[in-house]
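Dropping a structure here in structure tokens format, bear with me for questions.
Chain nomenclature is as follows: A, B and C, assigned in order of appearance, with residue numbering initiated at 1 for each chain independently.
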Amino acid sequence: MADAIETTLPTQPLEAMKGVKKVPLEEFFTSGHRTCQGCESALVMKLMVKASGPRTIVLGSTGCMYVANTTYYSTSWVVPWMHTQLGSSGSAGMGTAAALKVLMRKGKMKEEPINVIAFCGDGGGADMGLSAISAALTHPQYNFLILLYDNESYANTDIQLSGSTPYGAHTTFSPPGKAKRIMHRRWKKNVAGMLAAGHPECRYVATVDASYAVEMMNRVRKALRIGGPTFLHSLDPCPKGWDYDPIMSHELGELAVETGVWPLYEVEDGLLKLYGRTKQIAEKRAKRKPVRDFLLKQGRFAHFTDDDIEYFQAKIDEMWTKWLIPGVIPFHTDLDRDQPPA
Amino acid sequence: MGRLFAVEIVYRGIFQKNLAKNISRGVVLAAHHGGKQGISFGRYGDSPERNGIPAKSFAVIGTDEETLQEGMAKYEPKEVDISIVVDDTLLKGVESWAWYGLQPINRLLRPGGTLIVTSMHGAGELIPMAHRKETPYQLAILKGTPSFSGLWVYKDDHTDVRVLGAIARVLPELFTIADVEKAILEEWSSPLKVTSARKAAERITTRVVSPGEGNPEKPFEFELPKWHEMREGIAIPSIARGAAMADPATQQTGGFRPARNPTFKKYTTRTMRPVVNFDTCVKCTLCWLQCPDSCFDVTPDALYDANMEACCGCGVCEAVCPVENCITMVNESAFADNASQWEAWKKDKPAYVAWLEEKIQHKPERSHGFRYRGQYEEQLPPMMEIAGGAGPEDESGKEG
Amino acid sequence: MAKAVERVSTAPREHDALISGSEAIAVACKLADVDVITAYPIRPYDTVMQYVAKLVSNGELDCEYIVAESEHSQFEIVKHASAAGARVFCGSSGVGWMYAFEALTVTPALRIPMVAMVGNRALDDPGAFGVEHNDALAVRDLGWQLVWVDNAQEALDTALIAYRVAEDRRVFLPCAIACDGAFLTHSQAQVKIPPQEWVNRFLPAYNRGDLLLHPDNPITVAPQVNEDWLMEIRKHNDEAMKRSKTVIKEVYADFAKTFGRDYGNPFFEEYQTADADVVLVGMGTLSMPVKVAIRRMRAEGKKVGFVRIRWFRPFATEELAATLSRFKAVGIIDRDFSFGSPYTSGVLATEVRAALYPAAQRPPVLAFICGLGGREVTVPDVQRMSDMLFSAASGKTQPLTTWIGIRE
């Protein structure tokens, strides 16, 4: 030992699926979880392990995808799964990957590449666990993926606002009232952009959306194949917290991208690429839809006035037209004053 | 010792959470106007609620404080005087967050108690949906479209107060319609809602259900293991890997059927189910790929068969299907079993097509929550009309 | 102190080293071939991690050595590494230990046989570096095994014993080794380091069995529960902690055979108790001034003895009650506090009193709060406590709790 450069274990040769017909039939996250009807995050779980395959260990931090999927004596997981604390997805991924690495190196475990995926919700990723995720992404010697499923609130505990809740949304901690129509005046954190910018040794960061299932699964595969710690941020429409008819889950996932609210991009070894519908919008091959089409299909924005919608639209426009890297890095060359409606 | 009353509200998680809370609070407030003490609570184990998964709320009322204590610090009463079912598909039984196994809808109902259900169906259709009970009970039907909305925007179709009016009619010992009126004015300051409650009390229909009536099936149960029978380290076995399916006709194997959670099946979450026209299916995979519940079995002939023990009826498959009328969401009350549609189609295609044609007549009013701003305002007048709630003729006593 | 006994085999030799208690535990990590170690700085425990870092950088210890970004992550990383089959080591002090508290609560529940070192340190505020035992004691109800040592040799030996006990399938509970800040963590003494062969014979490989998180053993670990399940799950831990007492006895007996050092009763050390009229009870390095004071008082004809508790969890209830009920008065020295507790004393006094309650003979029990924040416990302090015990033994009323060594 005592080598200067630490080696990483090889990864599984998970190739990109070329079209839906190439998607494997087998499920590793199956039926009988207790998520809401139309739960997009449950779909993310299913697609995530469908992409990673059987030789995978999943660690799940507290949140809907813990409480709803795994109720004692009952599970929906085919692959090994373990709970981790709310702020611990980074630590859980790293601890598991470190154990596999050292046990294989010392001959205490059969050598083989095993995928390690730790997931967290926006409470566990954008709020409490951010520091542990950030630390984990600075350890290139371990192979693991952290997947943040972002349903934009603490949906498991009763829909309380998180650092990832969009401006103005109705939550149990931000109810619109007589004195304050808009209780939640913070803008959503830009987690993927922040992590990509701040962790130069992390080889892969991407945003995904399960309404584009094959593209999403291929990004899971790339994140696992490339090695080292990697990060995916998935935006998940939530019928319960966003307040919409569950039949619209897929549509809202598409609308988030089509309105430019959720840009799809990946940063691979420092190279930024937009992909999918986002790329088409950026290249003016598709028109960016107005955010109104997205917002007014959700009960959490039902209290919005036209001014609120305009403000929201202006912030999204700004993201596309004024950010140093549109949709990714929110630096302006000229700082404009941010004026939310009264 | 005085008398202890218990009222149970069985509802669809999230969709009817605010409705159930309104009813449960209303019961306690009305009883209070009748000189009784009560508490209102949701079943703690049902929380955090999920869209559609059956949940319960309770109102426990004592004729005096000491009697009330008998009903306090409990998750649910052992027996109830009234079960209120605010969505008729719940009659098939409930599998909730709070326990394992299927609980018949009338399980907690005391002998002679009343099951109040909001439905567009008559007793002849509703009674066979519920499991048989050893003792007779009363079925009360409150005509109306089930009231579904979401957490933030409430569809105020007066179902809450109409149920209160119905209770005053079937259990006047608990509270009277006059008590209900006072409670409504206290809680909502709405004379219109008072009118709806009065009309409901007048129009409710009742009928005794005898022990021989209802679904004869024994609901699936679960026995809790002893501590030394459980694996240490809070570990349980994962679900087994799935396997290829066999064609019932040709015995050809292929496709894939996932193994499924044997303990929690989720189908009582369903208010509607997908029926599939296998003849028009283009095998695009989208229903299977986008299903959050992994409910589709992939058949040897590469079709997708929604497994009715696993489907929770979200409707995403219908939404993503590119072929018109290939997947149709149909009211769950139109079905008596969870049999495989694909197997039926394989066995007898013309018979299946006929069955399909009949079933898709039962397309429900598709309103499982918020779809666009202004939707509830559009839906309210026809709903009130069907239900016989307060209408334009009652506008004179407009809300203040 | 442990007695030297004849060893079975003497082929490989132990060697002497001048090291601190922290360094002794780092050496134990090397001997135990620990797989994953996580570090985060806080005084005084982090001396162990500084030494581990040296062992790793010099190639003497092959492990994943991860510097975490907080104590919470530090403990979570090793928790998960242990679940995946790795032998792990961790540690902290004072408020660092408290920062990790959530991770500390889940570790025993998950039956993770982690060994941790607590360099005992006063809790903030105000910031203080000196020893108090409240940090380690905070986990006393959670299923952690807790053991206090009073010298560097015992630290090394106990670390090896801790791995053997914790990783015994009958136990599978974490074990924290509490070392007094400064007096053990920052003070070097001569320690006998055993040869690797002896350790290999004593300590089998960690085998997580059917709880291993691995694709070959697909399990779901720690799904959420409701009121139908938690009592049964808690009962598992209760039984494991009870079994730990049996395993501790077996392991100490085997340790004596393998390493030639016999600690006698593993749970507590008795010093000059055979003919004592009164005894003091305490944990950790305050044993040093207490023993000195006892020798001086015995020269004056005062028959004082001392009971040093090693294993606080599991608590040697019956053994301790049987021993203490022999004396005319018992004084408990708490290097901790429990504000508002029974007789406003400390944790140890409350527990010892509870253990004594069913005893046929119940001597008067006096509680002493002493040596907080690292203040030295002095020989005159011990003499004062002993005098109060003699007075109580003679039937005179004494205050049930007394702060010793405070300026007043």
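Please note the rule applied: contacts are C-beta pairs under 8 Å (C-beta built on N, C-alpha and C of every residue); 3 or more make two chains touch, one makes a residue touch a chain.
The shown structure was predicted, so the numbers you read here are calculated from the model rather than taken from an experiment.
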Chain-level touch network, classified as line, ring, star, complete or other: complete
Of A-C and A-B, whichever chain pair has more C-beta contact pairs: A-B
Rounded Å distance, chain B centre to chain C centre (Cα mean): 55
Distance between chain centroids, defined by C-alpha means - chain A, chain C (Å): 43
Intercentroid distance (Cα basis), chain B paired with chain A, Å: 32
Contacts with two or more other chains, residues of chain A listed in rising order: 54, 67, 71-75, 77-81
Where chain B touches two or more other chains at once, by residue number: 97, 225, 234, 236, 238
Junction residues of chain C - those touching two or more other chains: 218-223, 226, 229
Contact set on chain C toward chain B in their complex: 109-111, 172, 210-211, 218-223, 226-229, 231-233, 235-236, 240
Chain C-facing residues of chain A, complex: 1-2, 54-57, 59, 66-67, 70-75, 77-85, 87-88, 90-92, 94-96, 98-103, 105-106, 108-109, 114, 131-132, 134-135, 139
Of all residues in chain B, those that touch chain C in their complex: 45, 75, 97-99, 224-227, 230-238
Residues on chain B engaged by chain A in the complex (per definition of touch): 13-14, 47-53, 97, 100, 149-153, 225, 234, 236, 238-242, 255-256, 258-266, 269, 284-286, 289-295, 298, 307, 309-310, 312-316, 318-320, 329, 366-373
Chain A partner contacts - residues on chain C that touch it in the complex: 33, 35-36, 57-59, 62-64, 66, 68-70, 72-73, 76-86, 102-103, 106, 205, 213-215, 217-226, 229
